[in-house]
Amino acid sequence: MADATTFTNDTQVLLPFKGVKKVAIEEYFTSGHRTCQGCESALVMKLMVKASGPRTIVLGSTGCMYVANTTYYTTPWVVPWMHTQLGSSGSAALGTAAGLKSLMKKGKMKSEPINVIAFCGDGGGADMGLGAISATLTHKEYNSLILLYDNESYANTDIQLSGLTPYGAHTTFSPPGAVKRIIHTRWKKNVAGMLAAGHPECRYVATVCASYAVEMMNKVRRALTIGGPTFIHSLDPCPKGWDYDPMLSHELGELAVETGIFPLYEVEDGVVKYYGKTKAIVEGRKRKPVREYLLKQGRFAHFNEEDLAYFQAKVDEMWENWDIPGVVSFRKAPADIPMPS
Amino acid sequence: MAVATKPGGGTTVHDDQEMLISGSEAVAEALTLADIDVVTAYPIRPYDTVMQAIAKKIANGKLVAEYIVAEGEHSQFEIVKHASTVGARVFCGSSGVGWMYAMEAITVTPALRVPMVALVGNRALDDPGAFGVEHNDALSVRDLGWLLVWIDTAQEALDTTLIAYRVAEDRRVFLPVAISADGAFLTHSQTITRVPPQGRVQQFLPAYNRGDLLLHPDNPITVGPQVNEDWVIEIRRQNDEATRRSYGVIEEAYADFRRVFGRGPENPWFEEYMTEDADIVLMGMGTLSLPVKVAIRNLRKQGKKVGLIRLRWFRPFPYEQLARALQHAKAIGVIDRDYSFGSPFGSGVVATEVRAALYNADHRPPLIGFICGLGGREVTLEDVSKAVDICYAAANAGRAERPTYWLGVRE
Amino acid sequence: MAHLTVEVVYRGIFQKNLAARITRGIVLSARKAGRWGIAFGRYGDSPQRNGIPAKDFAIVADTQEELEQHMARYEPKELQVTICVDDTLCKGVESWAWYGLQPINRLLDVGGHLLVTSTRSPSELLRDIHKKETPYNLWILPAKASFSGLWVFKEDHTEARILGALAKIASEFLSIDAVCAATREAEWGSELKAESARKAYERADGRRIQITEGNDEVPFSFEMPKWWEMREGLTIPAIPVGKPVEGGKGYRPERNPYFKKFTTRTMRPVVNFDTCVKCTLCWIQCPDSVFDVTPDGLYDANMDACCGCGVCEAVCPVKDCITMVNEAAFDDNQSQWEMWRQDKDAYRVWSNEKIKDKVTTVRSHGFRYRGQYEEELSKGPIEMGGTPVIQGIPGENAKAKA
């Protein structure tokens, strides 16, 4: 029986990797997962646990990073991993952390800081499981990271639109047709900003992209070190759902950032800090036109010039008219950008 | 696997403490004795009095546990499910549509072999909203691998909670147990209850040991990989086997309970009241036992030989024991505080299961189902009397005129 | 034949729509002659993933009753025709974990027919195709693999030509007139496609393959545990931690033994160890953790694990250091770094030969930009998929390498 007085609520101290050559060499998510060629979400999994190290428990909600990885009755995970339900990433993180904490406090388990990471896709996180994530982010006494990997669709069920699917994208629930060219007219929800703004005691929220691997891993390490519940939103190009040559996966991640469509930032104790190419944009670097990104993907092949102009205008507005550009949509002045007919 | 408990210190119960508490509060007492580690709360009547009682115990330092108020029942049950996989002893509960809101989590818990204990404060399902007792909430999971037990007194609530952890956490079982307590009648009514001392409980209930299924960096595993048709039936077979093993484990647990605490039923499966010479045997679950027993005493004064079997364990269903216990009856009246629309003969759930249990028996007395007491309406002495008359008519005729009656409906 | 069962073996997602057109086309063609049929994708393949081998089926029969007889087994265990629409699948398919490596001709009954789209000769294909215990026939439709994606389709008439060739293979069951009629009427059909079908029919040629011909390799397989051998609680052991390669240096991760994934690839990276600057980008950006770190700090793509996505080539900053080459050009999965270590000169010769001829080694891999497929088809013979676009490598480093 361990000594109950040795328990502290400390986290592991994971310092940032100082460059790509200092990155840990070990793999805790290894080869042999049934994901698409060029799956950036799989890359996120690999980098996530490479950053966290072996004293980690991962909870994976239903989605590609469940089904594809473990098809069938198999696993690519080296660290302990457990499936959880589609809307349960928040509750899985909370339950796991609370269970460990209780046992350690009472001396029923050896005390040590164990990373608890629960991941969800855009469907499971921004749609179904948003409530549970929100609740978990208010429980500052439990340390966990919730990572939302966003491939902009319910990808595992063969590509249906979610609350994070971009305007107009072709999915099986939004096929362009003879009468309705655009079924999905909704604009993407801003999850990271929303969660950062709405949970004042959540110490860390960040957006990442695996194309910038070292920064992505360092955000994971920061989230696991800072203490309390934390949230990271990762944008993952998806060859299947976005329809492109898998070889383009890395480049599309970069383009999403360079066009300003996906801003990279962290919010630590309420302070917003842009990083990477987004920082350059904030400091005046010109954003690449969105069409450079959109027209490399089959899911936007049906866009006409009006759609492209609309998309550009919305992204421009986010940078030029928001009080905190790219982060939260409180505006300097009302903006009305009419949607194409 | 042998259970390590120290030999009991005799059969006295002098060291029990008497308390005037409700069924919910009795469960809270048992949870304190069981030293649970994580509990999640969400408000819905009538079960949530147990969560209020637990909150007080935690605030006063009587119980040390992580007490988390969830934002919905689905999260509530998911949180404790995950806490259990890392080795925490957990408790949860709900009622009515709250239980239904958690249904996805409730479904996966037995499949994952998570030995949680839940209190279901049985309540009518919406729509319409009604707080009174019906059993359909807990019964809705009867196929999924949950063990289901119905209690009728605060004492039974306390004792059964301890037994539930003992059974659930037995490695041969590792299945969740739902304890059903009739809303209002049991959850809220306060009666004299004996609360045993902690030391005695430790003789009966060993620590929760998840063994090689523990989710921890020292035991690297993957839990719940995706499967296809090559794997599912084997996995279901494992749950089938565990449920079969639970029969023996339940009997062991009750025997050990009697040894350690000096009280408790000889027969874990059901309570038999005046059945030895009964012509008519009534059956039911939960607190309807009280009006039924009073009615039976009255009827006996009139010379009618009636008895009651109050079923405790609905899952695993004690079909062999029941078939034996019912074989001398001239007619059986099953009072269902539930409904099962479209079932064979339109009978309630318990009646349908008892009929199935008797299918292979040499002697199959006429069996009549009585739907009664829904939504908190009382099962009255008049209801029971009417049911007994109908059973007598069937016994004399050798067959039931109708297989199902709805009792107490304004018609 | 009173019934005809056909499978289409194809690259998941890239050829999903193509396979569906073929199997539906078979049923609709047979319907022209008053026959009954069913077309379906294999449920276990779904959700499909880019490149992972998948199967669709079509069963046609003279009567409803005969059709039911052959539908009783959901996934056919033997059939008359296997259509393979990417010749790299001839090395065998591994569709999911515990599936093992299944030869492309595994389900063919005696004297069955394997129809492959390929620009290679039968003897070249037979270096890949495993030996079979019974004879079968091999037909080749001269064509490059037709790749698209979920939303934009490359209209290169492959489905029509396959159906045309099938009319010759299964002539008792499908007439070319029926195929042409069905092709004209299909949602994706046209008069031009009907002509393509007819041309393919006229040119189709096959030859008998004896039991002595083919690849000798014994494909790997697994035996599934019994219900009481499986650990309870839906629990399986994790993959063990990786180890150094040699002398405590380097790193090779342990990998999932039940799903290797190498049959997913249609191209493999060829690495130039002499020009590598050890930037680590290929190693870190590979979604499949394919690169073993060698004791001398180089990066060796493990050929049992590589699924051929090409991201490594895209991120590599050095020109011609990593080059994706058609998988058809290779016979085994041996380690390139070991080859290089043993004889650097021989390796240079070997690897230069593999990467030099981009026009034939480059192959279709999906959508790159809007208008690409139309551009390709307008510039070359449609039977060859037009002229493939090979304009520079995408990625941040493209300009530096161009």
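Order of writing sets the labels: A, B and C. Residues in every chain begin at 1.
Everything that follows uses one rule, which is that contacts are C-beta pairs under 8 Å (C-beta built on N, C-alpha and C of every residue); 3 or more make two chains touch, one makes a residue touch a chain.
Please read all numbers here as calculations on a predicted model, not as lab measurements.
Trainee: Closest chain to the overall C-alpha centroid, by per-chain C-alpha centroid: which is it?
Mentor: A
Trainee: Greatest Cα-centroid separation from chain A: which chain?
Mentor: Centroid comparison gives B as the farthest chain from chain A.
Trainee: Looking at every pair of chains, which two share the most C-beta contact pairs?
Mentor: A-C
Trainee: If you average the CA atoms of chain A and of chain C, how many Å lie between those two points?
Mentor: Roughly 32 Å, centre to centre.
Trainee: Which integer distance in Å separates the CA centroid of chain A from that of chain B?
Mentor: 43
Trainee: So the centre of each chain is just the mean of its C-alpha atoms; given that, what is the distance between chain B and chain C in Å?
Mentor: Roughly 56 Å separates the two chain centres.
Trainee: Where in chain B do residues touch two or more other chains at once?
Mentor: 220-225, 228, 230-231 - these are the residues of chain B that touch more than one other chain.
Trainee: Could you list which residues of chain C touch at least two other chains?
Mentor: Touching at least two other chains: 44, 96, 98, 234, 236, 238.
Trainee: Where does chain A touch two or more other chains at once, residue-wise?
Mentor: 54, 67, 70-75, 77-81, 83
Trainee: Going by the contact rule at the top, pick out the chain B residues touching chain C in the complex.
Mentor: 111-113, 174, 212-213, 220-225, 228-231, 233-235, 237-238, 241-242
Trainee: What part of chain A is in contact with chain C in the complex they form?
Mentor: Checking each residue of chain A against chain C gives 20-21, 23, 25-27, 29-40, 42-43, 46-47, 54, 64, 67-68, 70-81, 83, 155-159, 170, 210-211, 213-214, 239-241, 243-251, 254, 295-301.
Trainee: For chain C, which residues count as touching chain B in their complex?
Mentor: 44, 96, 98, 224-228, 230-238
Trainee: Looking at the complex, which residues from chain C come into contact with chain A?
Mentor: 12-13, 44, 46-52, 96-98, 149-152, 234, 236, 238-242, 251, 253-261, 264-265, 279-281, 284-290, 293, 302, 305, 307-311, 313-315, 324, 365-370, 393-396
Trainee: Using the touch rule from the top, collect the residues of chain A that touch chain B in their complex.
Mentor: Result: residues 54-57, 59, 66-67, 70-75, 77-85, 87-88, 90-92, 94-96, 98-103, 105-106, 108-109, 114, 131-132, 134-135, 139 of chain A touch chain B.
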